[in-house]
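Let me begin by presenting the structure, written as structure tokens, before commenting on it.
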Amino acid sequence: MKRFVLAVAVAALAAGVAHADTIKVGVVGPFSGPFALQGKNFKAGIDAFFALNGKKVGDHDIEVVYRDVPTANPAQSKSLAQELIVREKVQYLAGFYFTPDAMAATPLLQQGNVPMVVMNAATSAIVTSSPYVVRTSFTTWQTASPIAKVAKDAGVAKAITLVSDYGPGVDAETAFKTAFEKEGGSVVESIRMPLSTNDFAPMMQRVKDSGAQALFVFLPSGPPTLAFVKAYNENGLKAAGIKFLATGDLTQESDLPALGEAGLGLTTTFHYAVSHDSPENKAFVAAAEKAIGNPAELSFPAVGAFDGMYVISKMIEATNGKQDAKNAVEAVKGLSWTSPRGPVSIDPDSRHITQNIYLREVAKDAGGKYYNKEIQTFEKQGDPGLAALKK
Amino acid sequence: MNTLFEVSNLKKNFGALAVTNNVSIGMAAGDRLALIGPNGAGKTTFVNLVTGHIKPDSGRVTLSGEDVTGMRPAARVQRGLIRSFQVTRLFPDMTPEEHVALAILQRDGKAGRMSGHYSAKPAVMKEVRETLSILGLIELSHLKVREIAYGQQRLLEIALAMALKPKVLLLDEPAAGVPQLETTRIERALDQLPKDLAILMIDHDMDLVFRFATRVVVLAAGTVIFDGSPQAVTKDQRVREAYLGSYANAGSAA
Amino acid sequence: MQTVLSIAVDALAYGMVLFIISIGLSVTMGLMRVINLAHGAFAMIGGYFASYAARDLGLGYGVGVLAAIVGTVIIAIPVERFLYRRIYGQPELTQVLMTIGITFCVIGIANFAFGPTLKTIPLPQMLQGSVDLGFRTIATHRLFSIVCGLVVAGALWFLIERTAFGTRLRATVDNAAMAASLGVRTQVVYAVSFAVAIGLAALGGVLGAELLPVEPYYALRYMVTFLVVVSVGGAGSIPGALIACLLLGAIDTTGRYFAPEYGEFFFYLAVIVIVTLFPRGLAGRFR
Amino acid sequence: MALSTQSTTGHGQAAAPRRTDRGVIGAAAIVVFGTAGYFVFPDNLALLTHIISTMLLVLAIDLVTGYCGVATLGHAALFGAGAYGAGIAAAHFGITEPLTMTLVGVICGSIAGLISGIVVLRAHGLAQLVLSIAVIHLFQEAANKASAWTGGSDGLSGIMPDAVFGRFEFDLFGQTAYVYGVALLLVTFVLLRILVRSPFGMLARGVKEDPVRLAAMGASVQSVMIRMYIISGAVAGLGGALSAISTQVVGLDSLSFTLSAETLVMLVLGGTGSLYGAMVGTVVFMFFEDTVSAANPFHWLTIVGALLIAVVLFAPKGLYGTAAAFFERRSRAGKGRDGA
């Protein structure tokens, strides 16, 4: 009985929305607190999409409803997602900077008949938790694996990993280790550092003592990045020729001015650099910089959000504004387009984005601005993390 | 004499200063003892040592033959060693009725109960009212303690001590800060206590001490210098010296 | 041996940064008896001033430090006058509520005014780079922090123990009513101490910025660290704070070298042990 | 004398039922507001359920802070223990019956209460505050380390509670979770109301107001506080279990310093030492936060900060405490006039 009532309610809801000419998209992200910058980038990416493509798909207006989850807080994320679906009657859920926040909301999708477009959260497993999840960002495995090859090519045989002791950090550690060992290298030590670490000098001593030729590091964005890079330089690791390897989270554009000279020459692999040279990206960056206000704050979550909106617009097009999660997701499987980051496509099996991963080096342009200079491209990278997950 | 309560060779130093030096006092049931001495003689320290609020350096305290020296204050209270405080210690946001009721419940081992309200227990309420009446606090039953006069708070201290049904009662200057009129209430209350109860009272009001005590102990500089009848104490040369001496010293210091 | 020495140097450097940045809080909590959770907010304001002066205006590090101290104190004066004066002597929880409220506001305003990115304070040429100690290298600014820490400790000790103001301050702390009756203008004493504490916070914010970069969330991010340091040292005691910082710095650094994955456990277990053994702190005056 | 005794008898009898009435009013208020919430905000039940589970944590803090005078910034440890307890029972042991899950949460919360009580009660004041901070960090780090059980920082998912009594399912609209939450809150309120009025409740207030006097009455201060910590753990654990059941996920944030601090702020906002203060503080803070952060997700923190400052300036005893004091003064003034 209860089920029946519910089905009727959902059907009524869906029918009601089909006629409405405004389609709501609920975006959950960190808009305040220590990760506010990343949330701001979500908004900039979405606004840039509207600036370039307009707020209409066919006859349907798109309206975005933002909800703030300042730090990883699955319970709050879930109740906000629930509120977005039930009260705001959103047809699409999007955003999600942190993995637990995304994971918490996935059980709602089927019942709410709502697809979710993950614009950042980078743990491989999210797409497996519901068939209605599509991801337009990246996974830690996807960005961390190529750097292992880079290291090996540069002649590194022994590496040490240093990661923050939390889910994504452990993910990055495993990804790098797997890829590096596959290349024939060996990881001599794996250090997990508490998230609250402020002073990295003792770890640098550990790196020196380990005899590794390179270090691979993964940290949450923000203050630790700065302290870590400084410690790397000041404790003589740079001078000793120990190579610095990381994913692009560490050298995101918004942190580069703070890193300054200390960041020069750092090599990272990532799916997007603001400096990427293509007409699509030029248009995107111009719009996004305008949206964010301060151009120095623009970094990778914006492109995830921008492409996320593109995917949502395609879903709306395919379903003609009707609330139909299944067909919406079905419609974007295998979708391929040219994103500001380069050519991308949605893998029909995993619903995760296949994209180029770039090796970049921090450089300084003529105007004294620091940027990530792309020096090598790894084309059409899938998510090796999913394969590892299935094993 | 059947000793109910005994303190033997109690010692306590604060740094180099011996505040309690080898004090021994025994009390039998029904004793009415006054502990007097000049300011700084160590009277309150003595009470604190006996009740366990301060740990002695050496010496023993026994109650009904049981050694209580190492026990926590609460454990001594449960065995019938009750004190009042020189400076009132009460719960400012509770009413006198609640104070006395809590004391009664605690005494009967029922204060840990997690349901029911004392006002629903006729036996408790009866005793509460009797105790408060004796001390003339009944009109104030429902005021918060912070709202009643200091003198009346002193009376409430006595009421609490009574409600705990002590075997040995240590009263630290019960009349300090109480208006003259009200001291008679305290005396009347003390008169109503069971005759087999041993009471040790510290006070500066010599009239009160002489009306109350059957035995006087004089403490000076942490040492017992006199232990005898009230009649004998005024004639004792050492006591006179101790008092006069301390005043003389105080005078020269000022 | 070399490793031990190396860790010792790191511990000393980290401890001194902790000291510089927490000592102001020790003054407010120990001498003025205010649980000032907004300490980090003031340190952060100092950092923003210094960053603005030194980086955006290009006035140099020295001017930046000065601007930080003066600017933060100027901002703090009305805050003290209108908000803090209402909570002197109030219950601890009221103080917590007020100072958390102030912190939230400062974070929000900083986020609005300066944006959420990290702000750096460019070091002068002479503080950049590393110094070779023979067995290892160490960043020059870290040595500078160690020296600054010692100077601040000495100066504060002198101020409190050896000057007329210090005498009045101690009298006010021991018994405000008595001090007032002896002609000490306690309101002025409080205001000056508050200014000193805020100045120290700002100085700490600037000197510590290499390790704890300035960003809006700074104000809350390090609040716990400051509280722990002050309580372990004993609020209001300068030698206590110094010992606590060196000790905690040593525990933290050693833990992070030998077993980084259990670093957090070491640190907080040590805190529990120390606080249990010395509930008033290693040399406390608080109550 | 006889006369005065008599008049007091009247007074006592008059006073006792009046207090009981207040308890009944409280319970009635929960039912009324609970029902109203269901019909007025039918689309917002997830938030309301979230408020209820937080409210249970705030009540738990009130028991130790408001009634026993313990300063704590680490009470989320008890809440998180309940949440993980219930969550792990469901995700790893297949205990998906909601009432059983709730019970598991309560037990885990009590155990966490005992553990943190033993540590936190070793000091007073600032030192106590710091001990509580150390406790919450140790709990959180332990949960982070035990990721095989807790899911670590990715959160514990896969919690699928059965229908309550086999009939009412936990669905998207959150009706079941909400009604279940209101029922738990009602039962808890009634039990706590009995507890704080009981002799034990008086002992607890005694601990807060003057522990030396309480010891001189023969009560063991330490034992009272430990027992209260265990009870508080049960209440907080209940909140945690409710959160785990209703959101079907548990994250490390449920063991965080942030949650501890935020809930303490809610308590002080409402007013300590009263169950109503705890509930009012939670509702006001969370509704305010939700409204302001939905209206402006980017700068709401400033407004919340301003609210806290305003409360200290204009309602120093907290919202409920100040209002209660105001009405008490008025009713007294009224009585005074009647008497004259």
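The first chain written gets the first letter, and so on, giving A, B, C and D; residue counts start at 1 in each chain.
Rule of thumb we're sticking to: a contact is a pair of C-beta atoms (placed from the backbone, for glycine too) under 8 Å apart; a residue touches a chain by one contact, two chains touch by 3 or more.
These numbers come from a predicted model, not from an experiment.
The greatest centre-to-centre distance from chain C, using averaged C-alpha positions, is reached by B. Rounded to whole angstrom, the centroid-to-centroid distance between chain A and chain B, based on C-alpha atoms, equals 73 Å. Note on chain placement: the centre of chain C and the centre of chain D lie 34 Å apart, centres being C-alpha means. If you average the Cα atoms of chain B and of chain C, the two centres end up 48 Å apart.
If each chain is reduced to the centroid of its CA atoms, chain B and chain D end up 41 Å from each other. Counting partner chains per residue, chain D shows two or more touched chains at residues 141, 298-301. Looking at chain A, one finds that residues 32-33, 36, 40, 165, 194 touch two or more other chains. Residues of chain B in contact with at least two other chains: none.
Contact between chains, using the touch rule, shows up for A-C, A-D, B-D, C-D.
Residues 32-34, 36-37, 40, 165, 191-194, 196-199, 201-203, 205-206, 209, 222-223, 226-227, 230, 234-236, 239, 254-255, 257-258, 260, 293-294, 296-297 of chain A touch chain C in their complex. Residues 51, 53, 72-74, 77-78, 82-83, 85, 89-94, 97-98, 101-103, 105-107, 110-120, 125, 129, 133, 138-139, 141-142, 160, 164 of chain B are the ones that touch chain D when the two sit in their complex. For chain C in complex with chain D, the touching residues are 29, 35, 83, 86-87, 90, 92-94, 96-98, 100-109, 111-112, 224, 227-228, 230-232, 235, 261, 264-265, 268-269, 271-272, 275-276, 279-281, 286-287.
Residue ranges on chain C touching chain A, taken from their complex, read 3, 6-7, 10, 13-14, 17, 108, 111, 115-120, 122, 130, 136-139, 142, 210-213, 215-218, 221-222, 225, 252-254, 256-257, 260-261, 263-264. Taken together, the chain D residues at the contact with chain B in this complex read 1, 4-5, 8-9, 11-12, 15-16, 19, 194-195, 197-203, 205-206, 209-210, 212-213, 215-221, 227.
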